[in-house]
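The following pair of complexes shares a single chain, chain A, combined with chain B in the former and chain C in the latter.
Up next, the complex of A and B:
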């Protein structure tokens, strides 16, 4: 039963409003830097826009989804009202206000530092303060999830924690710890400079702290999607989850190995030693395992569902799946995009190959495919699945939903495939202007134009999505019943303590962080003369 | 649940997960910190400990060779974006007195009619740096250098503060409607020219980049040509020389007249 429907709906609505606004900026960015745009514009606006789009899409939107979905999971899977409702609202408002505080200087052009902060560039302090507020708001959620988990375990000794809640807490713990990196960077390195207390900054150390956050944050974005794969998808297509233990092991592996690998974002940076880059690469290779496990388990679950419906043959069962069901469609499209994105990821994580795509448009193409594509399409699915339970009204425009999902998929492919390609041609990322008349660049013009058209398809799909949700608010009243998660094929009455708790995994997570990050951070802190003068953005105009 | 406590070697979950994790960590450390560096002949390592230090990123003393010095003077000013941004009244007052000597060429209000550069409203850090460079010989001008030669560091700061305090005066050819040349707004990426406006104002202002608006076209043109030919080389890290060398004569002409017409 969902008790705090307003709380959950508020998170989802705010998330999707932010998403809608940032989507418009994304499409505009796509357009202005493509050959379709023929007039001059102030390139500074481009960086404002990328900062706003990146911060909204990267920090605010997924955080709100994870929070709202987390509250829904707590109430639905533990079958009791959330403990700490007031705190949850406080967290929500902190995120909302933080987002506004951060966006004001960005829109005034005082903090066009891009969402990765890019020290030694330093912008208006309120931008960073706003980002910290968003993070602190999400930490309230982390604490609440852990508290609810602990209380439930105390009240139900010996019972397995429902998978959805277990995975949700895994995501919380991962986020709680990984956000520390960026928080340290902002509080101790950037803010003193932004506030004018210092005029130099250790950019190398700041980048190491950011990398601490940067890899595991993508798993934090991913976890709601994986929860939906494991606990919504099998139920929605009338089947069962192939294995509960396999699911738990995947989430545990994310907790343990998503953290000590962030230096793969610093392959080209001189301040980290080659040996540590290698160690991070090895663990990066490991992090592919939980994803492979997941793909296997989800396909197996789909096969079970299909055979229950009478599907037969080695591949014939695929046709018997309920393809007109939006959750089915979204999951399948998501897995396809995950496959392509994963292949690109293997290239990025290979030291030598990375050198050829580093800081090119390949990278932006890559993360849009995997994040904007594979992950966000499941956010849509989660919203579609949850909406009737939040509004108490039927959401039955299935045709519209399927069109929307197809458009998102097509738009994403049309946008990101040429985007990857121009990256291989050497087109740099994060530039506002390209002179396509120049013979050296003109071969890229066609691909960039295609990307821009894909961007408009995505915009259309995004608007359609919002339309479906709005219609859902006015649909026919109907009780949706209790919100349920998928049931595994075999649910043992007892499961090993290790799969029902986090102590061991937290210890490994922190331990590995110390092993892989301890020395590089300690050394950079100890070295003198590693600071450079800050470059203030938007000053003295 | 499982009967054994979690943190116990008797619990297989504990033993296996900690064991496997530790094994991977140790193996990757041995490979990354010892084996791989030693396998690279170019690194010229003196042994295992040296290999570990090198791969861990401990800074190593660079080979001691005398660095090659240019046969001309370079600027010794260290530019930061904070430099001389806070002026005090005393300094401005002293500067006003000192600046009387400069008025014949730079104008009593810091605005010249004789193609000497306008100084009114120029960033203090810029005026200070240029004076310093004239004094050390990093920038050379037969006309201007002698005036800087006798100035003390404090004199230069004071004059700089005074000129920064004076209001900018638009030139007679003020024309704000004039369209900006492409090189000012977008640069020319294929020739490695960033937009002028990204350093000189309008888009952004970077430390040490002079305000160009209202400067005489003759002066601007002469300076860009001097950068291009290498006659002027006091710009730190060749910021302007690299740009000027890539500019066409037509572009130089366009920007000179464009900036002259700006406030």
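Up next, the complex of A and C:
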């Protein structure tokens, strides 16, 4: 039973408002940089927009979803009211105020440094302070989730923690630790320079710190989606979860190996040696494992549901699945995008293949397909599933929901497939415009136009999504009952201690980070004369 | 759906199938990682081995990146070293000339913020981080012209930062190198 409905709904609504605004910016960016735009514009507006789009979509939107969903999971799966309600609201307002504080300098053009910061370029200090506030707000959530987890375990000795809560806490621990990298970068390297206390910065070291956050943050975005796969999807289609233990192992693997792999973002950088690049490449391969396990478990769970509904045959059962159910549709489309995106990720993981696509549009296509596609479409599904429980009203526009999900899928494919293609041709990313009259670039024009059209389809889908939610606020009143999670096919009588706690996994997470990051960071800190003069952005205004 | 009597065997089957899939997954990942390691060692496509530094404040005053030392240089062993710098929003030299079918080493750094370059139509792709030297061995198969954009956001003029690479015939390059020590496209 959800008691703090307003708290949860506030997180989801703010998340989706931020998402809607950032989506408009994204579609505009797709348009202005494409051959469809024949008019001149100030390229500085483009980089402002990219900074706002990235910061909102990367730092604010998924964080609020994870927080709101985390509170819902705590109350529904532990069957008790959240401990620390006031703190939760404090966290929410920190995130909300932080987002505004960060966006003011960005919209004024005082911090067009993109959400990945790029020192030695340094923008207005309030941008970084705003981002820190967002992170600190989310850390309050991390602390609350851990506290609720510990209290429940104390009150229920020996009982298995419900899978949804276990996975939720895994995501919290992952985020709590992974955010430390960017926090160190901002607090010790960037902010002193932004505030004018120092005028030089070690760009290489800053990039290493940021890579600590940059990859595992993706798994933080992914965890709510995986929780939905494991604990919402089988229940929503009338089936059972294939395996509870394998689900726990998958989440544990994310906690342990998501962190020490970030240097794969620095394969082409001169400030990290070959040995550690290889180590991080290997660990990046390992992180494919939990996804492979998940795909199996979810497909097997779907088969169970289908056979319960009378599905027959080796493949015939696929047709018997409840395809008009939005959760079914969203999960299937999500898995297709995860498949393509994951295959692209395995390509990026290898140093040799990465050299062909590094910093090209391939990468932009890759993370939009994985995050914007596979992950965000499940955020929609979570909202659709949870909404009646938050509003106390029916959400029954199923046709609209399915149309919206199809449009999102089609839009994402039309956007990202041409993006991957021009990336292979060598089109660099993060550029405000291209000279399509140049014979070396003109073959890429058609693909960029297709991507822009995909962007408009995504915008349409996003608006439709908001419309469904708004209609849900005015639907017919009806009690949705208790919010339930999927039950495993074979409920384990007892669970090994390792799959019911985090002590060992936390130690491994921190230990592996120290092993894989300790030396590169120590080496760069020991190197003299690598601090370079800061270049202030927007200083002339 | 499982009844109480067939609960046991069903569970065992489920666990066995799951174990098989987990083994297959581990094999898939193992093969991919092994392939990357094998190619890295046997085809020498590994990242830069060591970390070198260069102070952007004094690049123009001393060291290997002074202006008169930038460009393509023929070495005694027949290989070519290309020295270049990136700055907001251009490369120096803006057009690099290199011979085909010759081992070439790019040595480059940044004079201000983070830049990068990729050479379209090849898999040459690297970062320029101020304070550090990028050292990249490459080889071009055939003569031709390539565009060389900066691929890392470097400020509001980033979209204008496009260099060029002109790959010329080996013998032509040797003639050019006989006349001048450091070559660019304008020579």
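Here is the rule we go by: the second predicted complex is superposed on the first by the 540 of 541 C-alpha atoms of A that agree within 3 Å, B and C clash if a C-alpha of one lies under 4 Å from a C-alpha of the other, contacts with A are read in each partner's own complex, and residues count from 1 in each chain.
One rule holds for everything that comes next: a contact is a pair of C-beta atoms (placed from the backbone, for glycine too) under 8 Å apart; a residue touches a chain by one contact, two chains touch by 3 or more.
The shown structure was predicted, so the numbers you read here are calculated from the model rather than taken from an experiment.
Undergrad: Quick one: is A:288 in contact with chain B, with chain C, with both, or with neither? Answer first, second, both or neither.
TA: After superposing on A, A:288 lies in contact with chain C but is clear of chain B.
Undergrad: With both complexes overlaid on chain A, does A:440 touch chain B (first), chain C (second), both or neither?
TA: Once the two structures are laid over each other on A, A:440 reaches both partners.
Undergrad: If you stack the two complexes on chain A, which partner ends up touching A:43: first (chain B), second (chain C), both, or neither?
TA: A:43 sits against chain B and chain C alike.
Undergrad: After superposition on the shared chain, which partner residues are touched by A:273: those of chain B (first), chain C (second), both, or neither?
TA: Both partners.
Undergrad: After lining up the shared chain so the two structures overlap, which partner does A:473 touch, if you call chain B first and chain C second: first, second, both or neither?
TA: Touch status of A:473: no partner.
Undergrad: Per the contact definition in the header, classify A:199: touching chain B only (first), chain C only (second), both, or neither.
TA: first
Undergrad: Pick one for A:429: touches chain B only (first), chain C only (second), both, or neither.
TA: In the superposition, A:429 contacts chain C only.
Undergrad: Should A:515 be classified as contacting the first partner (chain B), the second (chain C), both, or neither?
TA: First partner only.
Undergrad: Could you figure out whether chain B or chain C reaches more residues of chain A?
TA: Between chain B and chain C, the winner on chain A residue contacts is C.
Undergrad: Touch check for A:527: first (chain B), second (chain C), both, or neither?
TA: Both: A:527 reaches chain B and chain C.
Undergrad: Taking the two structures together, which residues of chain A meet both chain B and chain C?
TA: On chain A, the residues that contact chain B in one structure and chain C in the other are 43-44, 271-274, 277-278, 282, 286, 431-435, 438, 440-441, 523, 527, 533, 535, 537.
Undergrad: State the interface residues of chain A toward chain C in the complex, per the touch definition above.
TA: 43-44, 47, 112, 114, 118-121, 202-204, 207, 242-243, 246, 266-274, 277-278, 281-282, 285-286, 288-289, 292-293, 296-297, 300, 308, 346, 349-352, 355-360, 425-435, 438, 440-441, 489-490, 523-524, 527, 529-533, 535, 537
Undergrad: Residues of chain C touching chain A in their complex?
TA: Its residues touching chain A are 1-2, 7, 10-11, 14-15, 17-18, 21-22, 25-26, 28-29, 32-33, 35-37, 39-40, 43, 45-53, 55-57, 88, 109, 112-114, 116, 118-121, 123-135, 145-147, 149-159, 162.
Undergrad: For the complex, give me every residue of chain A touching chain B.
TA: Listed in rising order, the residues are 40, 42-44, 158, 199, 256, 271-279, 282-283, 286, 431-435, 438, 440-441, 494-501, 503-504, 508, 511-512, 515-516, 519-520, 523, 527, 533-541.
Undergrad: Which residues of chain B touch chain A in the complex?
TA: Residues of chain B touching chain A: 1-2, 4-7, 11, 13-14, 17-18, 21, 24-25, 27-29, 31-33, 36-37, 52, 54-59, 79-82, 85, 123, 180, 182, 185-190, 195, 198, 201-207.
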